[in-house]
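A, B, C and D label the chains in the order they appear, each numbered from 1.
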Amino acid sequence: MPLSPEQQAEIDELRSNPQPTLRAVAPGIEAHLYKARQVLDHGFVRVVDYMGDDAAICQAARVSYGRGTKSVQNDEGLIRYLMRHWHSTPFEMCEIKLHVKLPVFVARQWIRHRTANVNEYSARYSILDREFYIPAPDHVAAQSEINNQGRGAALEGEEAARVLDILKSDSDRAYDNYEAMISQDDQQGLARELARMNLPANIYTQWYWKVDLHNLFHFLRLRADSHAQYEIRVYADAICEMVADWVPFAYRAFSDYQLGGAQLSAAALDCVQRMVKGEAVAQENSGMSAREWREFQETVGS
Amino acid sequence: MPLSPEQQAEIDELRSNPQPTLRAVAPGIEAHLYKARQVLDHGFVRVVDYMGDDAAICQAARVSYGRGTKSVQNDEGLIRYLMRHWHSTPFEMCEIKLHVKLPVFVARQWIRHRTANVNEYSARYSILDREFYIPAPDHVAAQSEINNQGRGAALEGEEAARVLDILKSDSDRAYDNYEAMISQDDQQGLARELARMNLPANIYTQWYWKVDLHNLFHFLRLRADSHAQYEIRVYADAICEMVADWVPFAYRAFSDYQLGGAQLSAAALDCVQRMVKGEAVAQENSGMSAREWREFQETVGS
Amino acid sequence: MPLSPEQQAEIDELRSNPQPTLRAVAPGIEAHLYKARQVLDHGFVRVVDYMGDDAAICQAARVSYGRGTKSVQNDEGLIRYLMRHWHSTPFEMCEIKLHVKLPVFVARQWIRHRTANVNEYSARYSILDREFYIPAPDHVAAQSEINNQGRGAALEGEEAARVLDILKSDSDRAYDNYEAMISQDDQQGLARELARMNLPANIYTQWYWKVDLHNLFHFLRLRADSHAQYEIRVYADAICEMVADWVPFAYRAFSDYQLGGAQLSAAALDCVQRMVKGEAVAQENSGMSAREWREFQETVGS
Amino acid sequence: MPLSPEQQAEIDELRSNPQPTLRAVAPGIEAHLYKARQVLDHGFVRVVDYMGDDAAICQAARVSYGRGTKSVQNDEGLIRYLMRHWHSTPFEMCEIKLHVKLPVFVARQWIRHRTANVNEYSARYSILDREFYIPAPDHVAAQSEINNQGRGAALEGEEAARVLDILKSDSDRAYDNYEAMISQDDQQGLARELARMNLPANIYTQWYWKVDLHNLFHFLRLRADSHAQYEIRVYADAICEMVADWVPFAYRAFSDYQLGGAQLSAAALDCVQRMVKGEAVAQENSGMSAREWREFQETVGS
């Protein structure tokens, strides 16, 4: 997705003209503003606006806890405390607005996160561009044999090539026919709201997406996770980098407590307590099913 | 969408076995339970569960207003009062759960209503069926010339036939290739989460959708409206009929105050007041733009 | 609520140090930032942060409608179109964060607006100040005789004085006893989370409240309305002035279409259509109940 | 809170008249319907309505995962899998409606859970009853010295007695004056919406509260936690018992994975992995702050 000269010129202009504000300014995210971060073959994420910074989280927490929070020595300690104890409302005091270009099948997963604001390009109103997601060859993977909801190894050369051929030629034909149906040359063009139904789920759409930091962390915890589909995970990974630059304390706490941590069940916690005391614990005396025990072993690395 | 004998047998079994409950029961909606109401060529809506009835709305309102609501003589009068004065919370005390089968492009509009609960069939996990929405010939319409977001007259015979040919053959080819890619005959099948991207937006999906009555009314006001796309409006119309049987007082109030009513701006209200007094009002002295004046005339029928 | 010298110094410092940003800047609201706008006797509203402006609403709408929106000549026309046709999502792209000090009974009404972010001063954690709302004498009003949920004329001098005496002395005694219970002089102080239960609903609390513009308009429509309780309406009125400075086009459209407009039911619309044609309509042939007819007459001024 | 004979008669009548329904029926919660479960001195919780059961959770999950979920042998296994892997949407398919009577300071904490529907008794409209929460003597506790947001040991006899005296006499005086102000004997009564501001936060209010099971679990995880204030925890505990009877599989999974489990940070997880391998880990080489280390030791019991 090399930017067109027009797009680059527009970004350059937006970035050339800083204006004074009395609001909190987060220098780390100012550096990202308006720039398009490429994702997949034609997609991107770019920060369009933001509100708040690490200090805004602490400011909101200190309204809640009043004089009490004086005892917490510094902002990062306070933010870690809030994260550790599920005090989520101060994180809601930060907000970010992104412009995202993404394949429709990714958009369909993304939109399931309901606590956000969205304005999507309307294919009832406007004509979609001829841009389709075609995976890179090493991401053309087989159905996983152990996980119904995942992929296994990459397909071999010829098999992968066949898949890519199909995806490309079906996308092209679908778009050719979309154009033919809406064309007004020598015919009444079909309504756009109908013609779009011929387009496959790998076509790109775009939207503005605005979300508060607490709900963004929830999105990232699920979508930057290794079980998430690759094509949405790359967007989540790109956003993680931006958030790390925007609110570095909050991102570090999130990364430590949520992305990199683990949730133990009561049975798992009991096993850990016994193991730490030196007791040998096996599935039979763990109180866990075989499946839970296998997941537990992966977690504690025993 | 004739039901398969298995589906009909399942519905019959579910309906043959009433059980006693102490909860409020709404006979009008019990009659709909589990039955599939056909919508479009392969879609349906069916009521899977519900909570509350007209009396539950009044019961909640009377908790709020205590002794005060004694003055309202009857349930229907109270419900109309609540609707008229934007007292929306009592309507939230009713809830309905629907099973809907619908084309993906309709699902994409529907999901924009965020205050609802959804479980959709997962094409990462499972294989979609070969079922596509193909419009009836008289719904193959041209792009509207006056409204960017709408359709005009139905296409003439040959033009419509060409469109239907394209939609059918592209759907079939896309599905053939979907099947070919995931097949495990003599090859490693492509992961389902990737193969699905070849499928066009007229393929059918299905979901459970649960929503409270206030938010359902909001959905119906927008989607049963004449500006809504035909393919979602038919679902809204089908749901309207079910709601009318479920909570007849509330539905009548909704229909009178929202579906059939009109919102006047301050300028429009001023014009109405002057017109009712016998004054002649034209666009020039209306305080409205030409476009607003045209919409106003359509509303008051002058 | 004269600001303390310390508070004024803090505001002066915050306002003295503009920083460059690449984000959209709305000059009208920058002028309000951090300044406390007095409301009631000890309350205030102040803008702590904001995101977006009128242009951001249009930018989001144009993402949705793509090339189509080129036809709308200007930003204000587009914003009025969006408001008139219930296109609410572009308004969600603006966000504002307020610091509000308000009596607890007002806070209890305010919090019913759920689509917002809140951090409230915690009386579990911290000690509340001795600040109580005591109405100005001309706002000490009798129970309305026609509206169960409203107030009538102001009380006469001696009656009003008696009420004010009660409110003041009960507030003072409650706070004296609150202090006595939590005191650690010669005793173990009672837990704050318990002691606070002695405090009446006219004590002041404070919170940060963050909301998007669409949901703020919904709040203002209900709370700046003449049926809202005076003590919350003055907050809504103060916020209206701030919003008018922040997003002047959007506020004007809101004011015209929602604050100053009217919702007509189907029956009312039918009457208007008949009256405009010159027909004499009375309650008997209006299709409305006596109560609805009375409200209708107030609306159309007949 | 002994029920009045009238209340008991109303409950008896509601419970005496089961009606047939085709909906899913959960026998365990039918046994609770309408009965008031006493909480605190004058409060209660009672189930007014519900939708769904354990099977409804599985049914919704199986819509999502289609044929795939056949591999999970039984409903309880599927529910545990969903809980373990943050698949929260199937739990949203169950809904419960409670009638709760509770002190205002508890209501103020409770209402912070925004994803729920509420109709509260209106003190603008109606007159509140003379019912105040007065703690039992063994719950009159000192401010905690180690936790700003908690309570320590119960106060000694005389100190506790003094506190109870204050709470009782201030409540009584506040209510006497409330009644005096709104009285219409020989005076124009003060508007209820004003008079209520004299009432302290231990007065009882009541509301209908409707919530889906996922959000109810979130509420219970925070409010049945040992860090929650006692006066809201007793409500959460009472609701836990009802939910255990309503959806026993889901409640057991919730209890195991959330109520009884623990969240480990990345640093804590690393320590557990090292300890399980037999390594001695102390705060110095743990990567944790002193405070985090202390909390970690409490968790793993080392």
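Just so it is clear, a contact is a pair of C-beta atoms (placed from the backbone, for glycine too) under 8 Å apart; a residue touches a chain by one contact, two chains touch by 3 or more.
Given the structure is predicted, the values throughout are model-derived calculations rather than measurements.
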| item | value |
| --- | --- |
| If a chain touches chain A and chain B alike, it appears here | C, D |
| More contacts between chains, B-D or B-C | B-D |
| Chain B-chain D separation of Cα centroids, rounded to whole Å | 35 |
| Between chain B and chain C, centroid-to-centroid distance (C-alpha), Å | 33 |
| Chain D, residues touching no fewer than two other chains | 65, 68, 89, 112, 118, 122, 125-126, 148-149 |
| Residues of chain C defined as touching chain B within the complex | 65, 68, 71, 77, 80-81, 84-86, 89, 112, 148-149, 222, 227, 255-257, 259-269, 272-273, 275-277, 289, 291-292, 295, 299-302 |
| Contact set on chain A toward chain B in their complex | 103-105, 108, 111-112, 114-115, 118, 122, 124-126, 133, 135, 140-144, 148-153, 155-156, 159, 163, 166-167, 170, 173-174, 177, 180-182, 184, 187-194, 196-202, 229 |
| Contacting residues of chain C [partner chain A, same complex] | 14-15, 17-25, 30, 33-34, 49-52, 56, 59-61, 63-68, 89-90, 92-93, 95, 97, 99, 117-122, 125-127, 206-208, 210, 212 |
